[in-house]
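First comes the structure, then the notes that go with it.
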Amino acid sequence: MSIGVIYGSTRENGNTEWLTEQAISGVPVEKFYLREFHILPIKDERHTVGGFQEVSDDYKQLVGKIMKHDVLIFATPVYWYSMSGTMKLFIDRWSQTLRDKDFPNFREELAKKSAYVIAVGGDKPTIKALPMIQQFQYICDFFGMALEGYIIGKASKPGEIRGDAKAIASANQMRITLLRCLEK
Amino acid sequence: MSIGVIYGSTRENGNTEWLTEQAISGVPVEKFYLREFHILPIKDERHTVGGFQEVSDDYKQLVGKIMKHDVLIFATPVYWYSMSGTMKLFIDRWSQTLRDKDFPNFREELAKKSAYVIAVGGDKPTIKALPMIQQFQYICDFFGMALEGYIIGKASKPGEIRGDAKAIASANQMRITLLRCLEK
Amino acid sequence: MSIGVIYGSTRENGNTEWLTEQAISGVPVEKFYLREFHILPIKDERHTVGGFQEVSDDYKQLVGKIMKHDVLIFATPVYWYSMSGTMKLFIDRWSQTLRDKDFPNFREELAKKSAYVIAVGGDKPTIKALPMIQQFQYICDFFGMALEGYIIGKASKPGEIRGDAKAIASANQMRITLLRCLEK
Amino acid sequence: MSIGVIYGSTRENGNTEWLTEQAISGVPVEKFYLREFHILPIKDERHTVGGFQEVSDDYKQLVGKIMKHDVLIFATPVYWYSMSGTMKLFIDRWSQTLRDKDFPNFREELAKKSAYVIAVGGDKPTIKALPMIQQFQYICDFFGMALEGYIIGKASKPGEIRGDAKAIASANQMRITLLRCLEK
């Protein structure tokens, strides 16, 4: 049982990362900072003769590494009430991987995984980030992947998340769950 | 009174564009195909000394052109239950424009505009694209911009949207509204 | 193939009823005005020894009549951003019917039906009634019933719905669908 | 500063009440069990000559008592993905109180209050009860009342809520917030 954390922030050591650290403190994980990779927007070639063309960026190698994990934690700041564009670019490309002969069981493999979402926003996120949570649920449903939980923190300025006792308590709960998960 | 249409599709002449054409047939508009522009993901430098740095891509010139219009139509395919990454990259950058001295009244200018959303998806979009509509509403609320209406079409394969009589009827209604709007 | 319309309004000839009339004009339906029936709030006795007790009101006879139809149209005003309490009382009682030996196949029977929702509200309903639509979808999902469509109209004062061209166009579309449905 | 708890359950000592007890343990509150009151469905007489007629049930006296509190906690089981019909009947009647000369400042008074929601459901409530949370937010927005927080617990059988460590941790956090609130 292994855990991969996918970070969608564009700022280092931001609030989302800090909150995520609370949830994975003492938990062995592999971290993927999407901002360190070059990922191009998907080009919809589902209906093109020849299908999707190989894209020369870091996506394919990255998704290969991520797929080795059993549990995926999506850690994203809330940008304009949804996941960051950086995170969205990554997820959009799944449409290509679904048709990539190098990932013949992409859907089936994802169906076996569990997912968590950790998100931090500045504008009433416990309400206004709920549509984003519903979208992550729909994504998980598509693959039959279990969305095991989510945390929504409130912060805007650097460090502000440290004052969100509620989110921190939830992160502690998630940490306990993850540790228990690893024992299995 | 003038209208700008912002296309988030990555495929030419796709279902989203076809449905949008129904809504703007005979309506003078300026069209912006985001896929034809080079737009980088935002780098969150809100809290960096010196603030946001100039980015060398097409975004700034593009947003300048779009801001000249009174009505904005956001036409996006539904990718993974939300707007396309291409569209999201564009909107994420608004956080930078909000702090750009070359756009000193960005918020106030958007507050005077009206917005429409036209979206086409393949997986139960009239239900599963509703979180995306709620997000567009939150975005509009942030600026005080009026979200005047939206259409959700259902289609996956090329041309399939032509069979969605309900969406086409809604597009016709939107067309009447837009024409009336221009008479003012 | 037969159609039942379940009205949740408490006012006669209100906006919700008028909009629904557009959708069923010329369509043979049986109408159920919930306000004309005495329906008590459910008493949760799922976990009580002996289970649910017989309730002396009109519910059981009413649900029996409604279940004879293949298509159910739920027509409700939007009260406080969700279905009317009158409609909610009716639906809450389904938990009892699910355990009623006189309805041994309640779930299976509902799974074969199609549902439509017609709702009219006064406060930005095309946005603020969306959570209610999502709830109807969850209800339908529970039973495996297909939510085939919904219309959200905007009106507050008596007669005001006549000015909602968009909702009326959607009602006409629903009417065509219902008529086609009956031909099968 | 005083706190009123409004219970929408129809079963005594159920999961919703147990979870709420965690949040108010040691906190002085007044409790209102809606099931103990006779509350009729609203009859929409907003547009009737003479307006709303006096209704002979317990509602008016009850709402008068509840309005004396500064903080309102809405504790409801999730029935069919929204608040219980019992809770909905109560809230629907607010439309009448808004026009009741005995409550000339109903809206202004509610604008000064804070609200919390505690809800327990059996079917994936942390996702499927989110539309209900959005509805409570819209209700609060209507009055300008602050929705300060919410907890969603998962339980179906009696006592099952005791196993929801996440919800219990959130209830403890809410308890700390409420106690701090009372000190003001």
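Going by the order they are written in, the chains are A, B, C and D; count residues from 1 in each one.
Definition applied: a residue touches a chain if its C-beta (ideal position, glycine included) is under 8 Å from a C-beta of that chain, and two chains touch if they have at least 3 such contacts.
These numbers come from a predicted model, not from an experiment.
A.B. asks: Return the chains shared as contacts by chain B and chain C, ordered by label.
C.D. replies: The common neighbours do not exist; no chain touches both.
A.B. asks: Taking mean CA positions as centres, which chain lies farthest from chain D?
C.D. replies: Result for the farthest chain: B.
A.B. asks: Using mean CA coordinates as chain centres, what's the chain A-chain B distance in Å?
C.D. replies: 25
A.B. asks: What is the distance in Å between the mean C-alpha positions of chain A and chain D?
C.D. replies: 34
A.B. asks: Two or more other chains touching the same residue: where does that happen in chain A?
C.D. replies: Residues 130, 134 of chain A touch two or more partner chains.
A.B. asks: Make each chain a node and each touching pair an edge, then name the shape: line, ring, star, complete, other.
C.D. replies: Graph shape, chains as nodes and touching pairs as edges: a ring.
A.B. asks: Taking the top-of-page definition of touch, could you list the pairs of chains it picks out?
C.D. replies: Those chain pairs satisfying the definition are A-B, A-D, B-C, C-D.
A.B. asks: If you look only at chain A, which of its residues touch chain D in the complex?
C.D. replies: So the residues of chain A touching chain D come out as 126-127, 130, 133-134, 137, 147, 149-150, 165-166, 169-170, 172-173, 176.
A.B. asks: In the complex of these two chains, what residues of chain B are touching chain A?
C.D. replies: Its residues touching chain A are 9-11, 14, 35, 41-45, 47, 77, 79-86, 88-89, 91-92, 94-95, 123, 128, 130-132, 134-135, 138-139, 142, 157-158.
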